[in-house]
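Note that the chains are named A, B, C and D in the order they appear, and that numbering of residues resets to 1 at the start of each chain.
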Amino acid sequence: MKKLNIGLIGYGFMGRAHSNAYLKVSRFFDLEYQPVLKAVCARSADKVKAFADNWGWESVETDWRKLVERDDIDAIDIGSPNNTHRDIVLAAAKAGKMILCEKPLAMNAAEGLEMTEAVEKAGVPNMVWFNYRRVPAITLAKQFMDEGRLGRVFHYRAKYLQDWTISPDLPQGGAALWRLDADVAGSGVTGDLLAHSIDTAIWLIGGVDKVCAMTETFIKERALQDDPGTVKSVTIDDACAFLARFKNGALATFESTRYARGRKNQNTFEVNGEFGSLYFDLEDAHQLQYFDHRNDSQSRGWRTILVTDSDHPYMGHWWVPGCVIGYEHTFINALADFLGGLASGVPVRPNFRDALETQYVCDAVLDSAKTETWKTVGA
Amino acid sequence: MKKLNIGLIGYGFMGRAHSNAYLKVSRFFDLEYQPVLKAVCARSADKVKAFADNWGWESVETDWRKLVERDDIDAIDIGSPNNTHRDIVLAAAKAGKMILCEKPLAMNAAEGLEMTEAVEKAGVPNMVWFNYRRVPAITLAKQFMDEGRLGRVFHYRAKYLQDWTISPDLPQGGAALWRLDADVAGSGVTGDLLAHSIDTAIWLIGGVDKVCAMTETFIKERALQDDPGTVKSVTIDDACAFLARFKNGALATFESTRYARGRKNQNTFEVNGEFGSLYFDLEDAHQLQYFDHRNDSQSRGWRTILVTDSDHPYMGHWWVPGCVIGYEHTFINALADFLGGLASGVPVRPNFRDALETQYVCDAVLDSAKTETWKTVGA
Amino acid sequence: MKKLNIGLIGYGFMGRAHSNAYLKVSRFFDLEYQPVLKAVCARSADKVKAFADNWGWESVETDWRKLVERDDIDAIDIGSPNNTHRDIVLAAAKAGKMILCEKPLAMNAAEGLEMTEAVEKAGVPNMVWFNYRRVPAITLAKQFMDEGRLGRVFHYRAKYLQDWTISPDLPQGGAALWRLDADVAGSGVTGDLLAHSIDTAIWLIGGVDKVCAMTETFIKERALQDDPGTVKSVTIDDACAFLARFKNGALATFESTRYARGRKNQNTFEVNGEFGSLYFDLEDAHQLQYFDHRNDSQSRGWRTILVTDSDHPYMGHWWVPGCVIGYEHTFINALADFLGGLASGVPVRPNFRDALETQYVCDAVLDSAKTETWKTVGA
Amino acid sequence: MKKLNIGLIGYGFMGRAHSNAYLKVSRFFDLEYQPVLKAVCARSADKVKAFADNWGWESVETDWRKLVERDDIDAIDIGSPNNTHRDIVLAAAKAGKMILCEKPLAMNAAEGLEMTEAVEKAGVPNMVWFNYRRVPAITLAKQFMDEGRLGRVFHYRAKYLQDWTISPDLPQGGAALWRLDADVAGSGVTGDLLAHSIDTAIWLIGGVDKVCAMTETFIKERALQDDPGTVKSVTIDDACAFLARFKNGALATFESTRYARGRKNQNTFEVNGEFGSLYFDLEDAHQLQYFDHRNDSQSRGWRTILVTDSDHPYMGHWWVPGCVIGYEHTFINALADFLGGLASGVPVRPNFRDALETQYVCDAVLDSAKTETWKTVGA
């Protein structure tokens, strides 16, 4: 078995999810490469030390530049805020490291292009953690699409709804709430949530031709988390909805918000094709709904497929049929695919180039909302 | 078109449902026989007159014996309380009238047998209003069973849950609450609700071999509706559950109660067979759920069939695909079948003989609960 | 009881639904006015005669102008195709008749304005049959909104999805398929389906400020139903989606199509407010889903309210708690409200003025789709 | 942090689930005791070595007696087949080891009593892995019961349905299929599945007074997995259903089978109380359904609580609100509680005494089925 030394940057929500994946992947998947939790990096020496102790990281760094330069690191895993991705990627690519980067890839498409060209020029394996592609039900949906079960696609509709920012008392910025600060996050729901929806859509349906969007910031001002006495304008988009036309002629609607009372993590999509339809909701992540028009007319109906059998994607690696897996497993499945790609020589997807395509859509969406016009997705 | 003169007995909940059916059936079904609302009968002259005016009944009677003897009546429809069924049926059969009788057929199987023999001897068309057989989704389930879609049946489970008698302040007896008085109703949930479940079960699966039951009366005493100062023991079964073995070897559980908080009219059944399963819930009466194991293994799932297409049972007579029908339509569908049976010469089911079979099961259930032993269903 | 003589125009799908309403309304509602099925009018003498016989209409006409002029007619009910509405309304208003008109009100807002001014000038009672306002669950949603249960509204999303026109073999035009001919229908899904969605939205949320839409015609050519050898361009919109901003600041998405495989009559809306959310789906018309954020935090959840209890809107007039009503009942409930409005002097809604507001939105939507720009809703 | 040296017996399905729990618990829970994967034991030297390598167990044993006697082992964890539990427990208790035992506790109540008395006499911490108590939604149900949200309980109904043994080609016995061999498993679905249902029921409602059961073996003979040419009688119960009365007067039905086509791991329960009801289905393990009758009458409905918020049981230890956990986490949660109990001095439940109570119910159920009579649950 080959060792793959990992250097992780960031110890927040994603730091935990990735650490868990490195710890578990080899126990459940039979892989040629075994990740080693070599070093974790973050600015606070105390906190990163505690994190390393908890998860079994062998060493710590407080400057990511040092981490990137270490000879004993094979792969850099980026779990830090969005505004740090570019510089780390450029340095890591230059240092010849493999790169696993959290989504969204970049603050905007210009950055994303620079980063993509850097990793491609360096020829280093690269992946972006659009983990929802590895929800078994979504992977199954992709398989059904590839098998031609739906025929010509007419419609796609995606939503990503949450409700955790409705209170005006919620502050912005800081370690926990940087997603509410456009200077750190790049955008609001567009980059954080719709990027997921767009990545899935492109994977399932193909490229997006043009979009027309609207965005809104419902709560105009919030206090700063790290300085409660200071109130500042909220610069992110609280909500974003857009119309889209795919290159293959399908029509789409996308919507995301953090103001949909009662929707906790409702990431849904529906595809309507000539022969059938698919529906998925992340709040019931173990299910894929499927309508097969080719069933006899009296017995047609929407099927709820429990994606928990051993012949469903990834599930043979986990427990027994009927037993569900959870949020964390999407990262483990993705990591297994990344490691499998190293062994097989068939690189994992989505890579930076794929994520850049999503970034172009995000940029077009934000631009469309600002100008109130339709925008063709850039290239 | 041939006229069929109807004489209805009773103007309560069932009187309304039947009147509505007579009023509408010819508008939606192309039938040889057209029912005429000839006479309605009830003890209170004032109330029956008002009822007749509202629904367009041509005349009224206050003594059912007179109604039965009228030459201008072709069919007697019995919607009065259970303890009146026997005498009316015997007289009507003797008078050579067709009979449509509300369920349960009788107070007990002994009465039921007497009544069944009377109508058979008289050779008069007869039907019992087990209206749920005419819920399109249940009719479709029957069709699926007959087509062999499920193969060998292993399991059947039925529930009929309501919650309207939980309050100890609810009185018993009287015009509106005779269903809580065993002297009038014969039994509690067993005759009122489980009779429906049993009728459906026998229709779908076949005869019941033996049963083991328990019953309970949660609220032991209630005031009388017609005499609020008087408190009497409650004599009905508030709840009843039983195990059963069908003659074909399938196992079953049945349960009914009026103490299931939040369940309003939850009449459900599930059939598990070798090749597939079916599930129905009256609270979602427009749906039939179907699992087809013969689908390819990755796409198997429970289908929710919207039973609203024009090729589904009865639905071609109603609106356009996608439009639901309601509770009342089960009576209209049943009536259409009764009238169609008169024309075709193929008598409608369930007839008295069918309902008697259900009555035998009810008797065995109540006997089993009392003696705490298994009971073979009588014949 | 006062008689109200009805003259109905059209004997298609809506002709049946309205006839059924006139037949039943007085049996279930206690009303001062009783409709009389006086005359029905359609061009084919044979067909209208058969229709009248079936439903009990006292007389027939083949020219609607004669019907409008008859002294024994109090109210004109328009169930004929959209391109006939204007002329009939202008004539009926001039003749001083009450008018009940099917939706959409008109071919476009210019017609609609002319018609609205005509009925207002004539001072005749008028109603447009947006029957879904009378689905008890939707009426309940309106009541919840009026009670302030949701607080400030952030989001509204509506869909109206069907799948019956996917086959390229389906012809267009003719008596049954005029909805596929823009010369008769005015538009495709926008006027037929989205008009319902918009009417409900305005009722629940308030006026629409501006919209941005896209439309598509997936099947470009179809044979004519009445002349199968002739193939013509399809002129209607097969699908339409639009973004909207309400005047109160709420954001909305709307979408309709007849190309959503597996969706039969899926008319849905969701409202997200500060304190709670509502969700409705016409395919489960007996339910309203409600999320109440003010419940204690551990027990919050989306409630499925079975809108079948006697204290729910309209339900006390129908059967007993737990028994559902169907599609046809929405017309009966609407008619009861119209008749009740005549008696009380509080006119029923939606009237022509309300329907005109919906028509303005439809016009803006179609204009926006054509020009690919945002459009402010006209006045 | 105190180290707790674990000795695990068995490397099958449960061996994996427990190993995963030992690996992860300290990463997610802040605990005084940290488990050390000291030794794993199984008869096959090769296989146990491979298992140990994969999971990081420090050493291996092939004779459980040696494991039990090792001084460096603090706790024995029993994941081997049911017919090994007794001997291991008696030896481990004698050796003063803590014991964590898979369910069902024993082959029968006589064994269970002997084992319970042994651990109690030895005074060693003990737990039985009824892991479903640690499904957050079930823990929440228990909390709601304890808070009195349901009031007096009238009904309980539990099902545990699977479909994986329907094929007559499935063999019995051997390493993978010992659950189909009564000599190894003690019974069929009663001990394997209903034991879970009974444990949950007793926890939520209280003790069971008496039961009446039926069992069935649908496929009478099967080949042996380890000797495909030999066909033997099937000795387990394929299906079991029983009626029960709780000591507090509530009525119950229980049913389990491995012949319910389409039901993969459908472990459900419903409680109906005076003020409300609860419903749970393991196939949607992240949800608890709750009906609160004390809501205002128009808005009452069954709520689907997504048990994924940080103030729900256990969830604060996992990811962020809206992210689900899976099957494996129930073991980690249970282990965290066991370790927490060691620290706090408040022993974890269910202990052997609790599991014995479930065993008495199982024995009464099997006895009742054999004798076709009601049986009082032993003590």
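Criterion: a residue touches a chain if its C-beta (ideal position, glycine included) is under 8 Å from a C-beta of that chain, and two chains touch if they have at least 3 such contacts.
Owing to the predicted nature of the structure, the values given are computational and were not obtained by experimental measurement.
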Which of B-C and C-D has more C-beta contact pairs: B-C
Relative to chain C, chain with the most remote C-alpha centre: D
Chain B and chain D: spacing of chain centres that average the CA atoms, whole Å: 42
Chain C and chain D: spacing of chain centres that average the CA atoms, whole Å: 55
Gap in Å, rounded to a whole number, between the CA centres of chain C and chain B: 36
Chain D residues counted as touching two or more neighbouring chains: 300-302, 306, 309
Complex contacts: residues of chain D adjacent to chain C: 140, 143-144, 149, 288-290, 292, 295, 297-306, 309, 311-312
Of chain B, residues touching chain C in the complex: 13, 16-17, 19-20, 23-24, 26-27, 54-55, 162, 164, 264-265, 283-286, 306, 308-309, 318-329
Chain D - residues contacting chain B, complex: 150, 154-155, 157, 159, 161, 163, 166, 212-214, 216, 218, 239, 241-243, 245, 251, 253, 255, 257, 259-263, 270, 272-277, 291, 293, 300-302, 372-374
